[in-house]
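I've put the structures underneath this note.
Paired with chain B in one complex and with chain C in the other, chain A is shared by the two complexes that follow.
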Partner chain A sequence: MASIVNITEKLGSQAAAKAFTLTSAVWFAFATSFGMIAAGYLIAPDFMANIEFIQFGRSRPIHVNLVLFGFVTPGLLAAALYYAPRLLRTHLYSQRLGVVTAILWNLTLVIGVISLGMGYSQGREYAELPWAVDLMIAGLFGLVIFNLFMTVHRRQEPILYVSIWYACAAVVLTAVGYCLGNVIWKPDSGALLGIPDAILLWFYGHNIFGLLLTPLALGVAYYVLPLATRSPLYSHTLSLIGFWSLIVVYTHVGTHHLLQVPVPTWLKAISIVDSVGMVIPVMVFLINIWFTVKGKLGDIHADIGAKFVFTGTIMYFFANIQGSFMALPQVQRVTHFNNWVVGHAHLGVFAFAGITALGGLYFILPKITKKPLYSRYLADLQYWLILIGVSVMIIDLTIVGLLQGNAWLNGETVYRVLPEIHLYYVIRASAGLFILSGAYLGLYNIVRTLFFNPGAATE
Partner chain B sequence: MYYPYFISYMLAGLVIALLVFAWAMKNDQFRDQQRARFLPLFDAPQRKSARASRVSRIEVYTLFGLACVGLCSSFAVVIFALLRVE
Partner chain C sequence: MKMTPTVVIGGALVILTVIVLLMVAWPYSTADMTPSEIYRERTEVEKAGFKIYLQNGCVYCHSQSIRAFDWGHGAHRIAQSGDYVGDSPIQLGSARTGVDLSQEGGEHPDDWHVAHFVNPRYTRPNSIMPPFRWLGEERIGILTQYVQSLGLKGADKRMDRQRYWKAESIKAYEAGPDANARWLAEIVPQGWRDLPNPYPTSDASLQRGHVVYQQFCIGCHGPVGDGMGPAQPWIYPPPLNFTILKGREISGGIIYYQLMNGITGTAMPYFKHELESQKIWEVGNYVAEYFINDSDANTEPRGIDAANEP
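For the complex of A and B:
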């Protein structure tokens, strides 16, 4: 206990946000390292053949769980823990609780990586983590909910700004959805039986992107972009319409992952209609935020955080347009079960949510440390490394997806297609190197800014 | 039979969402929307706004180019898929 008081004091006034910032930066580096290992196996299956801990079937879920729960979520939460008290004109309910949450968060991730590496996986995508880790994650979200809601409860500002709505909804819906999707009441298998399990899993799986990453990222964008351009939000009413329509529409799309599976047709129809309907909340958000920053691109360029976040909004546009098409059964006959979807996943989770998270971190860092960023140059370099890396990766994976989808429709055998796409796997790994170096540069920059920053205090 | 569970979960979700919405109505969360637009700007330091530089324009064009590539590939695949429908 005493040591936690100590750590909190050492971290200063914004201890919780700082702790989550560091968490995100560290796991970004680890997560991309595991991504590189996985990409290596796809190029050469006997790459590091005898190391069980990191063989493809283990490094892939480690990569995916780390980017979701280690990098993007803590990054977006760091920004939320900073902006929530400001928008509510109060203090965070407990900085100490925030730091405890961050420490436990890291502990959970370490245990998660070790168990996946040792082969303790429940084998359901996005729900691989074993039961004990599931419980810990649910508990962590509980702690965040408590801190956030107590802050809301003590607010001086009666109106909840749209970012607050998004942040609160994200953590509550995820806490509940996580327990359900991981079938937490069945510790041994963590699964139902048969088709209902697939339906439940993808209801949960899509909610990780739609009701955790997306709302948290939109909350950050709605805070950072008006502030960086010093313009009021174009329309707060519109933003609330966007919020409620997102809650209504996004909860129904899970089955679009199962269009090639014998699930009830009415469920597929709902998921397709709502996937196309996602255009409404997305366009509401984009129109609102782009009108807010209209004519202020200079300000966005001047603030590295805003630059990342603005880029994230553009990527959100693509993820949505692409996603809505991918939910059409005719299109999905080509794009399903191949690298097209992996391309979309990197577009959504990384280019949209991840880049927005980085933007949130760079935006709050000077404010929580009360010093300028250690190096704006490094941050710019990271921006370009990541942007080039992820764009090349997405385009590359999209091409591979088309090759594979076409071959599948033509009934070509897999062993003939694999040599054809080998080159693209090499290109994907090279693009990954850009992202990997971006991640480590960012880690260095953030650690320097937090702990060893020679810059003069700004306030 | 999982349907009763699924349906009761959906109903619970619906009811909670409606309750939150009713709370928001009652607490005037949808009033005073003009002031709400300015909430992030509270205590924002006044700075002169930055002028767009040449570099930033190049960046915008690059992003716009990426946007076009992305859109084109999406449309290409739709057309491709539709052509393949026998």
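For the complex of A and C:
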């Protein structure tokens, strides 16, 4: 306990936000490293042959889980732990609890990586982590909820800003959804039986984006962009519509992963209608935020954090258009089961939520350290590496998905198409190298900013 | 609308509850869990193999879900909900980097799977699946048992056929090259046996045959067609040594038929899903020309020459 007090003191004010910032930056580097390993296996399966811990079937879930729970979620939470007290005109309920949460968060991730590496996987996408780790993650969300709610409870500001709605709803709904989706009452399998297991899995799986990453990222965008451009939010009404419609519509879409599976037709119909209906929450948000910053692109360009976040909103637009489109059964005949979907996942999780998380970190870093960023140049370089990397990767995976899907529809077998897609796997891994470099550059920049920053104090 | 903490959290939780009831609880409680006609319970060893399948993330590349418009591996049975009533977790999968495995049981004999797990490129030269040699012989065996159960009762039927013809093919192999060559010809229907390869030999067609050979055959039959490809040590009866076939009356039609339909019981799979007619004829002629040194391409009986033929 004494050491935690020590760490908290050493981190100074805003210790919780700093701890989560560091967590996010470190696991971003790890997560992309595992992504590179997985991409390497697809190019040359014999290159790292017979290494149990990192073989493709293990490094892929490690990559995905680390991106979701190691990089993006802590990154967005770091911003929330900073902006919540400011928007509520109070202090964070407990910096020490925040630091403890971050330490336990890292511990959980380490245990999670080791479990998956050793093969303790429950074999359900996004719900691979074994029961004990599930409990720890649920507990961590409990700690975040407690800290956040006590801060809300002690607020001096009577009105809750839209970012607070999103942050509170995200952590509460995810805590519930995580336990439900991981079938936490069945420690052994962590799964239901038969087709209902698939329905629950994809309800949960899509809600990791819909009820965790998206609301947290929107909370960051709603905080960063009006501040960076010194503009009042365009419309309170649109904020309200966007918030409630997101929770209503997004929670319906999971079954669009199962359109070609024997599940009830009414369930598919609902998921398709709501997938298309996702344009409502998304466009409402985008109209609101883009009108807020209208004519202020110079301000956005001047602030590296806002630049990342604004880019995230553009990616949100593309993710939504593509997502609604590919939920249509006729489109899915081509796109299902192939790399198109992998491209979409990178667009949504990384290009939208991940880039927004990075923007949140760069926006708060000068404020929580009270010093300018260690290097704006490195952050800009990282921005371009990541933007080029992820754009090339998404376009590449979309093309290769179309190649695979159309070939299969035409009666060509999976095996026959493999030589055709090899080159695209090489391009994808090359694009991944850009993102990987960006992740390590970012880690260096953030560590320097937090701990070894020669810059003069700004406050 | 005043967004108090109660409204935000209470409202969000109420919405989530309603939607969980609609989108998860309702389909759960009304799900038809009647087993389909192929359903049976898995044996203990198959369950142990399923654990290995889960641990190694096979689901990230292999679906177990055949759709109404699929063509390839396993597409002889469209998935029904009753096929999955014993699966927990269900392994439908979200990608087909590899083939669908829902009807994999009995597609190949066990020894093919062992060679394939040791290194997938031993049996499938273009495969991008990582090797599983590190699992060790015992766990590869257990995993194979699970894979051979995919398709359940359908798989059992196919496995019976594999076992019957495995015994027959071993008998033929052990009776020596003469008997083996005779057996390989006799299991082909008469019409095919009388048929020469209808395509004339040309450099271009041999080139194409060479490409097909490298992508599909080289792992077992080896680069010089002597049956000493890298898969050979794991496979019994061993891959055919083509060079013994000279003068043993192996027509182009026999080669075509065996490539198209495979030789059930042996590691020789069928290629009718993967290779169109011309490709099968041309790789057959490549084998006849280079390895058997005895090609009947474009000899009598033959029909009218095709428009493009020289």
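In this section, the second predicted complex is superposed on the first by the 459 of 459 C-alpha atoms of A that agree within 3 Å, B and C clash if a C-alpha of one lies under 4 Å from a C-alpha of the other, contacts with A are read in each partner's own complex, and residues count from 1 in each chain.
We adopt the following convention: a contact is a pair of C-beta atoms (placed from the backbone, for glycine too) under 8 Å apart; a residue touches a chain by one contact, two chains touch by 3 or more.
Bear in mind that the values here come from a model prediction, so they are computed numbers and not experimental data.
Applying the stated clash criterion after superposition on chain A shows that chain B and chain C collide.
Of the two partner chains placed by superposition, only chain C is touched by A:N50; chain B is not. When both complexes are overlaid on chain A, the residue A:G12 reaches neither chain B nor chain C. Of the two partner chains, both chain B and chain C are touched by A:I247. Note on chain A: of its two partners chain C and chain B, the one contacting more of its residues is C.
When the shared chain is aligned, chain C comes close enough to touch A:R124, but chain B does not. Superposing the two complexes on chain A places one of the chain C stretches 9-17, 135-143, 153-161 or 207-215 into chain B: stretch 9-17.
Shared contact residues on chain A (touching chain B in one structure, chain C in the other): 159-160, 180, 192, 196, 199-200, 240, 244, 247-248, 251, 333, 409. Remark: chain A residues 41-43, 45-46, 49-52, 55-58, 60-61, 119-125, 149, 152-153, 159-160, 164-165, 168-169, 172-173, 176-177, 180, 189-201, 203, 211, 240, 244, 247-248, 251-252, 254-255, 257-258, 260-264, 267, 270, 333, 337-339, 341-342, 404, 408-409, 411-416, 418-419, 422, 425 touch chain C in the complex. For chain C in complex with chain A, the residues that touch the partner chain are 1, 3-5, 8-9, 11-13, 15-16, 19-20, 22-24, 27-28, 30-31, 33, 53-61, 63, 65, 67-73, 79-81, 84-100, 119-121, 124, 126-134, 215, 273-274. Against chain A, the residues of chain B that register as touching in their complex are 2, 6, 9, 13, 17, 21, 24, 27-44, 46-47, 49-53, 55-56, 59-60, 63, 66-67, 69-71, 73-74, 77-78, 80-82, 84-85. Within the complex formed with chain B, the chain A residues making contact are 83, 86-87, 89, 157-163, 180, 192, 196, 199-200, 222-223, 226-227, 229-230, 232-237, 240, 244, 247-248, 251, 296-302, 307, 311, 314, 317-318, 321-322, 325, 328, 330-331, 333-335, 340, 391, 394-395, 398, 402, 409.
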